[in-house]
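The block underneath contains the structure these notes are about, expressed in structure tokens.
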Amino acid sequence: MTQQKVVTFGEVIMRLSPPGFDKMKQSRSMEFFFGGTEMNVAGSLAQFGLQVQHVSNVSNDFVGDAAISCMQGYGIDVTHINKVNHPLGLYFMEAGSGLRASQITYNRLHGSFANISPDLVDWEKVLDGCSLLHWTGISPAISEGAYQTLKQGLTLALKKGITITADPAYRSNLWQYGRSGHEVLAELIGLSTVFIGGVNEVNEILGTAFTHDKDGFITAAKRLQETYPAIIKVYDKVRTGLSATHQKIFAQSWTENTYSKTEEIEITQVVDRIGTGDAYAAGLIYGLISGMNDPEAIAFANAACALKHTIAGDVNLATVQEIAEVANGNHSGRLKR
Amino acid sequence: MTQQKVVTFGEVIMRLSPPGFDKMKQSRSMEFFFGGTEMNVAGSLAQFGLQVQHVSNVSNDFVGDAAISCMQGYGIDVTHINKVNHPLGLYFMEAGSGLRASQITYNRLHGSFANISPDLVDWEKVLDGCSLLHWTGISPAISEGAYQTLKQGLTLALKKGITITADPAYRSNLWQYGRSGHEVLAELIGLSTVFIGGVNEVNEILGTAFTHDKDGFITAAKRLQETYPAIIKVYDKVRTGLSATHQKIFAQSWTENTYSKTEEIEITQVVDRIGTGDAYAAGLIYGLISGMNDPEAIAFANAACALKHTIAGDVNLATVQEIAEVANGNHSGRLKR
Amino acid sequence: MTQQKVVTFGEVIMRLSPPGFDKMKQSRSMEFFFGGTEMNVAGSLAQFGLQVQHVSNVSNDFVGDAAISCMQGYGIDVTHINKVNHPLGLYFMEAGSGLRASQITYNRLHGSFANISPDLVDWEKVLDGCSLLHWTGISPAISEGAYQTLKQGLTLALKKGITITADPAYRSNLWQYGRSGHEVLAELIGLSTVFIGGVNEVNEILGTAFTHDKDGFITAAKRLQETYPAIIKVYDKVRTGLSATHQKIFAQSWTENTYSKTEEIEITQVVDRIGTGDAYAAGLIYGLISGMNDPEAIAFANAACALKHTIAGDVNLATVQEIAEVANGNHSGRLKR
Amino acid sequence: MTQQKVVTFGEVIMRLSPPGFDKMKQSRSMEFFFGGTEMNVAGSLAQFGLQVQHVSNVSNDFVGDAAISCMQGYGIDVTHINKVNHPLGLYFMEAGSGLRASQITYNRLHGSFANISPDLVDWEKVLDGCSLLHWTGISPAISEGAYQTLKQGLTLALKKGITITADPAYRSNLWQYGRSGHEVLAELIGLSTVFIGGVNEVNEILGTAFTHDKDGFITAAKRLQETYPAIIKVYDKVRTGLSATHQKIFAQSWTENTYSKTEEIEITQVVDRIGTGDAYAAGLIYGLISGMNDPEAIAFANAACALKHTIAGDVNLATVQEIAEVANGNHSGRLKR
Amino acid sequence: MTQQKVVTFGEVIMRLSPPGFDKMKQSRSMEFFFGGTEMNVAGSLAQFGLQVQHVSNVSNDFVGDAAISCMQGYGIDVTHINKVNHPLGLYFMEAGSGLRASQITYNRLHGSFANISPDLVDWEKVLDGCSLLHWTGISPAISEGAYQTLKQGLTLALKKGITITADPAYRSNLWQYGRSGHEVLAELIGLSTVFIGGVNEVNEILGTAFTHDKDGFITAAKRLQETYPAIIKVYDKVRTGLSATHQKIFAQSWTENTYSKTEEIEITQVVDRIGTGDAYAAGLIYGLISGMNDPEAIAFANAACALKHTIAGDVNLATVQEIAEVANGNHSGRLKR
Amino acid sequence: MTQQKVVTFGEVIMRLSPPGFDKMKQSRSMEFFFGGTEMNVAGSLAQFGLQVQHVSNVSNDFVGDAAISCMQGYGIDVTHINKVNHPLGLYFMEAGSGLRASQITYNRLHGSFANISPDLVDWEKVLDGCSLLHWTGISPAISEGAYQTLKQGLTLALKKGITITADPAYRSNLWQYGRSGHEVLAELIGLSTVFIGGVNEVNEILGTAFTHDKDGFITAAKRLQETYPAIIKVYDKVRTGLSATHQKIFAQSWTENTYSKTEEIEITQVVDRIGTGDAYAAGLIYGLISGMNDPEAIAFANAACALKHTIAGDVNLATVQEIAEVANGNHSGRLKR
């Protein structure tokens, strides 16, 4: 029996950053990476050896070619990437350090992915042989076309009994095309089976005010499941940001009426803060697919998230073995020969 | 009496290129420059010691800040640069070499400058104390707002008796906002006094088919002056591209019923091909302002253009002295201690 | 009907070079590329859109992982790449310029590929759905295992009626494992159907002394076909090296008793000399597969070879369209917007 | 009413450093920055939007041109920068890390600024429209000419009622041209109105031995004001250096018979230690000019100093908004999209 | 009387690492260094001003030339470096950060040093004028030839009464050529006079199970001296690795029946972890040669080790003065002008 | 019998250049090299395997340490390098290309070497075992101390019968310390035995006006020998600079009443123009020492000079073998594996 694939849907976006902690006004060059929250998940899953397909648009030029080559290099299946005559979305980042915050400015709202539409994605074909579909709240926030395309995919996937992992990621400064973010996210979560989020996200979507402690999380998770009966599992990650380069994270879950929680991991010299949430999601999906139980899965996901902080770029390049070691409590970083 | 200023109007655009002759798909970093055809002219004129003001929009973020800092660094007056909530236009370039062509792809049509409009530019204030206004055909090709803003400036400048240098630069793949490039350029050239272009440009605008020799150039120039009586001088630059890194250029003019022509200069190892036409325009404007006669002015402009091929970035950083030496026939490149 | 794949067999080797024209003793960093003469052909064919599979060994460490990721990035199918506990082969290159020759030193004879053996390659599976198999004389020169593995593949391919392109590339300083290069090459060319080589190669293998003019080439090709009846086509490329950075090339062929020859192309500023012969082979294979006639195919191959001189790294990244333009005589390198 | 300008006077010096934590003997390249203690203050004030003019000499060559362009890029008015036929002063720095100290070696004593003299500065013109003049003890330590030029400026400024901020910065290994540093600083502080310094500086200048606690600071400040009645305010910054890359700072003041003190800020991963005192001075000057009360002003200055530790180069590029956030207690460095 | 030289024997190996914390699969360039555990000791001793000669093989190509030039640049005498027709050994390292471990993969077992043999080293000549010979357990682990060559040297040195410092460095994944690491190390330690190692090393070699506290160390040292009477001193360094970039170290010794111990030094931002043990050994050897008593010598050695963590590359570039300051308790890293 | 050493005397100077063809005002980093006209000769001779000692001052700081390490890396004996408390001399260079000239600006007149004096050099010791002493006209142009020190050395060397090669290199913009360059050079050439220069140099020193053809050269050489009877050989190199990156060179000599001349070599893509004359001098000295006849020696010197144009930095890194190939007419730059 052949392995079933994971499908991700979302923007492929280019990150451009001056070297080190430089500001653009003192630089002459920038490093660039291709990423995007869902593509990051795809990239990490491919590093784990899973078969994963990303569905998106890229620009019909050498920038889009480079994006495709990058995805191929990660081992992502690019069969369902369209090339369209709109520039690839991008963002600039100035990396902060310590008490100086990193800053990001976007150029994405008229880009390749913003111009996706249901006719560009053959969901029947895409979901053939698919066991899990992953989406985040960034995609439907970009454009009406992205929203419609995603909704179509979720509807079909739910009908096919495919596991659907939803990472709502409500950002109020997106959602400029006319729809209400809260309404759209509520609708799409209703079409999903696994919720990757916590008290903040539930409060945002349901308009509730649950507290940020264990009880608040459990109550929020229960309320979410009552509201959206398709949701059978809730996985959360709690971050304490001490500075731009010093973070603490732990993970918790509410599944089958059981609460689980990991140790907290401290990261003292952050190499790259971007994509750490996506690394968590990918770790979790790997846990789900490879049959870990929930405490194991969130420990793996939390360790994946922690390791991503030490890796440059948007995609977690850590291997299953490296993550498993950290998940098992080895944080010594001892040289391996 | 204080020196009078030169004003330029046009997009400030960022160039992003992989190092050397790399293609994006094999790179992880890009060099960047701020330029734009009219800003390049401003930058070169500022190197010559002229007072020059650029009128444009930039993005209201750290990218726009970097663009402003870059212009200030060249010595350009940025008083009339607006900061707007649209991303700065940009383009990617893969530099070719020899028989491999350089390639450019743009992301500008929804950018900062495309969102300029007449209410954002106080032309009375801008043109106060201005002796020369420079524009190119790129600006009105970007958006209706850019076209209307420019037209308003030209109309006022012409009324004030300001010298207006027009560099039509017809590119058919721009002009996507609804107007005909030929009609718009024809209208705006009618509001100008100096034409920087040759047989190709005249044929393009008037729909004529003059030949590319000396007689064709003279006849074209005459026809242009008959059509647009405000045009009193026509300056041209003729390029022979032997390869991406091997070029020949000479300049010619038709002014006061007299034809002038420079020697042809050969450039065998092009460092940067971008902005060479703008370097020519800046050289010419310097010649006009500093009181050179026409053969001197086109020799200076041609030498400025040639030297720009040896300088990285969009803006010609050559000094008046360096250019004068080349204009006087010294091409030996001998080390100066 | 699905497209049939091309298969290539050979070492994946890492190139390490100090930047620019530096010598190692004055450097602190090196650029690296993954290549290898047959992998280069695979990479170029993948850029052309063909389905291509490379068969090789890489090291079972993060260096091997990087090599695999690089191949995937080119679009090469890596299903039949083995990971073995021997370091990846590599070479150092100091790039020359003008009259200074580039220098290469190898570390490959105990590497991953040298440790390949027939039991590591399932040729039945590899050749399933394959229309063309490409090999060069470098592979059997590395080790007995490489020789035996290749011979097994060629024997099966010939039996299956697959087109077999042979690029003998006799290098006397390889062949250190005990066999005679001349004998092995003669044996393996006897198992091939297309010969990519000219007078030098024929003289080397047959011990003849044909002259280096047109007549010499035709006579050599005829003699080759008489000796190895399976060879039905002979394609050659003739290079004149004026300096490390100034080259001339043309191509010629002897097929179906007809001689064809291309124009000579001059390359004046070589960016990267490595892999130009492989670019030629890939161009030729594309011509064969896409149904070009012989003059078209060698013009395409010659243009591909010429363009490779302008591209850094071992693999030709030029597209079919770029090559076709050069093949059609456009060498102007004019900027494409 | 137009805004009044700030004037700074002092050396423009180039910093040259190997990348990262490299030592020169293992490097082939160096990064460079233009700075100088007073120019750093000017640069930071220009980032805050103030009109600021720097008075100095630079070399009459392309190095001096680059220095001028750099200052223009920061938005500093360079009208009163002279170009002289002496090389620009410079220093080399090897950056330390942790318990390894950074090391600096200078080449400045025969440079452009050392050759300044009163006839090169038209102080009447410079101080026209000036509300605040800033100087440090580095300038009069360089040469007799620098001392005389500064004294002339201070004398005139004091007469005009301009606020004069004095940052004595006694370094015993400067002062090689014959005068006593203690005497000169005492004389020039007598011509100033705001003292930026603490117990160390007072003890150094007055030959006292006040203790390094709050009482010592207050007593020292009082004694200073008794000695130099023109001094109406004393602002101090106290640094605890735990390692080259780990620092703590707080600020305190004695103004109008009142003691104020800020929270201590901890910086755990110093990006660049140079210019942090200048960032403090600039923050303080901004506070004074923008009408903050003293606790606000020292909190802003302390936050500016802290943020400078995260920014490469000599000049603080932090904005008023970024600094205000830190001054208000937000040290989380949370990503801003 | 002329100063007597120190001799070191061991592999010269090249390290190749992607920049910063990058993984090879996301890089295009690598930094390289020449080192090797014994050569690192030689390099550090040469920085201290000692006369030091390294005995080894390098490759007979431009890589070997670069290695020789590098050693000369450190001030190492290369008279007894042979050039042989085998590639220089090398390793790749991906640097970890925080909880991510650094990873190393080797290519050395068929390299230049592996091909050393007794006939290539004239030990009589090498040891003429030599006061101290240093070796580590890496060398005899590489090949039979390396083992035999070293044994010959040690035997002669012991006979001549030369001090012999032994740093057993047992790595189980070396020792692939057929001999037992434990037996060989036991034999060679029997030919040495100073043991640089602690409980781990003694347990490894003697098959004992001493505990890792002070008593364990003393008992182990005593047992070692009983077993190998030539060993008169035992020096140890104890490392606590909190993460890849956060370490603690202290040193202890058992000499003349006396235990000594240093303060523990904490290193919070490791720049380079490689060669820190070699820096310790070099510091110790310097202490022995320059006549320090044991507490001084281990304090100097421990400080040398600590400082090496802040220096890129394999060799400690810290000076005697820098180390002495740290050894004296100054860890503030305060800027030195 | 041991090989006798070559001694060179002159400034060790640091070159700082922005990357590629950048101007400083558009750069943030610079590459640096240590060189100096006589040190360049020493470095090249050391590459050839000769024993060579350089006599000079460097700064007593980490810059001077780096300079010493660099010389050691070339294999130069640094026994007679003094460390003094004056900064190392340096120069900045912006590299030109094609018709744009390179530009250099110096900071050397108060540097380490300018502060050399006869008491710092023990010429008896330096010249012990020396067979050839090389000097150029740059050294006595720097300071009175440099002049006196050199004169002392030449006087002793001449007395000892050592070959003295003189490369007058009259630069009018040096010689600022009070002496006449013409007089000093005349005096010092009178103390030399081999003259490396041609018509320009003779005309400059003797105030003659010989023509630049063969006859002019011969007549000039004769006149020189009449004027300075110690001069027994005259070697010249004639350069035609077509552009900054395109040069032609040939060499000629007048020795023992015989004229010799080499072929002219064309260099079309200059990598680095600095130190090419020094490469010529080193080639010539090697020829003299190794017993070549004059046509061989100037062919070797001319080839050395040509190859230096392809090598970055001040010192020629070409080997004897590489040079011999070019001297023998092989300019093809064919890849060496």
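Letters A, B, C, D, E and F mark the chains as written, and numbering starts fresh at 1 in each.
The working rule: a contact is a pair of C-beta atoms (placed from the backbone, for glycine too) under 8 Å apart; a residue touches a chain by one contact, two chains touch by 3 or more.
Protein identities per chain, from UniProt: A, B, C, D, E, F = 2-dehydro-3-deoxygluconokinase.
Since the structure is predicted, the reported quantities are computational estimates derived from the model, not experimental observations.
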Item to check | Contacts common to chain B and chain E (chain labels) | outcome: A, C, D, F
Checklist entry - When the Cα trace of chain B is superposed on that of chain C, what is the rotation angle, expressed as a multiple of 5 degrees? => result 120
Checklist outcome for this item: More contacting C-beta pairs: B-D or D-E? The answer is D-E
Next on the checklist: Need the most distant chain from chain C, centre defined as the mean of C-alpha atoms.
Outcome noted: D
Next on the checklist: I want to confirm something about chain A and chain E. Since they are copies of the same sequence, is their interface symmetric in residue numbering (over half shared, so same) or not (under half, so different)?
Outcome noted: different
Next on the checklist: Assuming a repeat means more than half of the contact pairs shared by residue number, which candidate in B-E, B-D or C-D repeats E-F?
Outcome noted: B-D
Item to check | Geometric centre distance via CA averages, chain F-chain A, whole Å | outcome: 62
Item to check | Whole-Å separation of chain centres (CA-atom averages), chain C against chain E | outcome: 44
Item to check | Chain centre separation in whole Å, for chain C relative to chain A (CA means) | outcome: 41
Checklist outcome for this item: Check: chain F positions touching at least 2 other chains come out as 23, 25-28, 69-70, 73, 103, 106, 269
Item to check | Topology of the chain contact graph, where touching chains are joined (line, ring, star, complete, other) | outcome: complete
Checklist entry - Mind pulling up the chain B residues that touch chain E in the complex? => result 26-28
Checklist entry - Can you name the residues of chain B that touch chain F in the complex? => result 73, 265, 267-269, 271, 306-307, 309-313, 317-318, 322, 326, 331-337
Checklist entry - Which of the residues in chain C end up touching chain A in this complex? => result 69-70, 72-75
Checklist entry - Residues of chain D touching chain F in their complex? => result 16, 19, 23-25, 27-33, 59, 61-63, 65-66, 69-70, 87, 90, 92, 94, 103, 105-107, 109-110
Item to check | chain B - residues contacting chain C, complex | outcome: 20-23, 25-26, 96-104, 106, 171, 173, 241-246, 269, 273
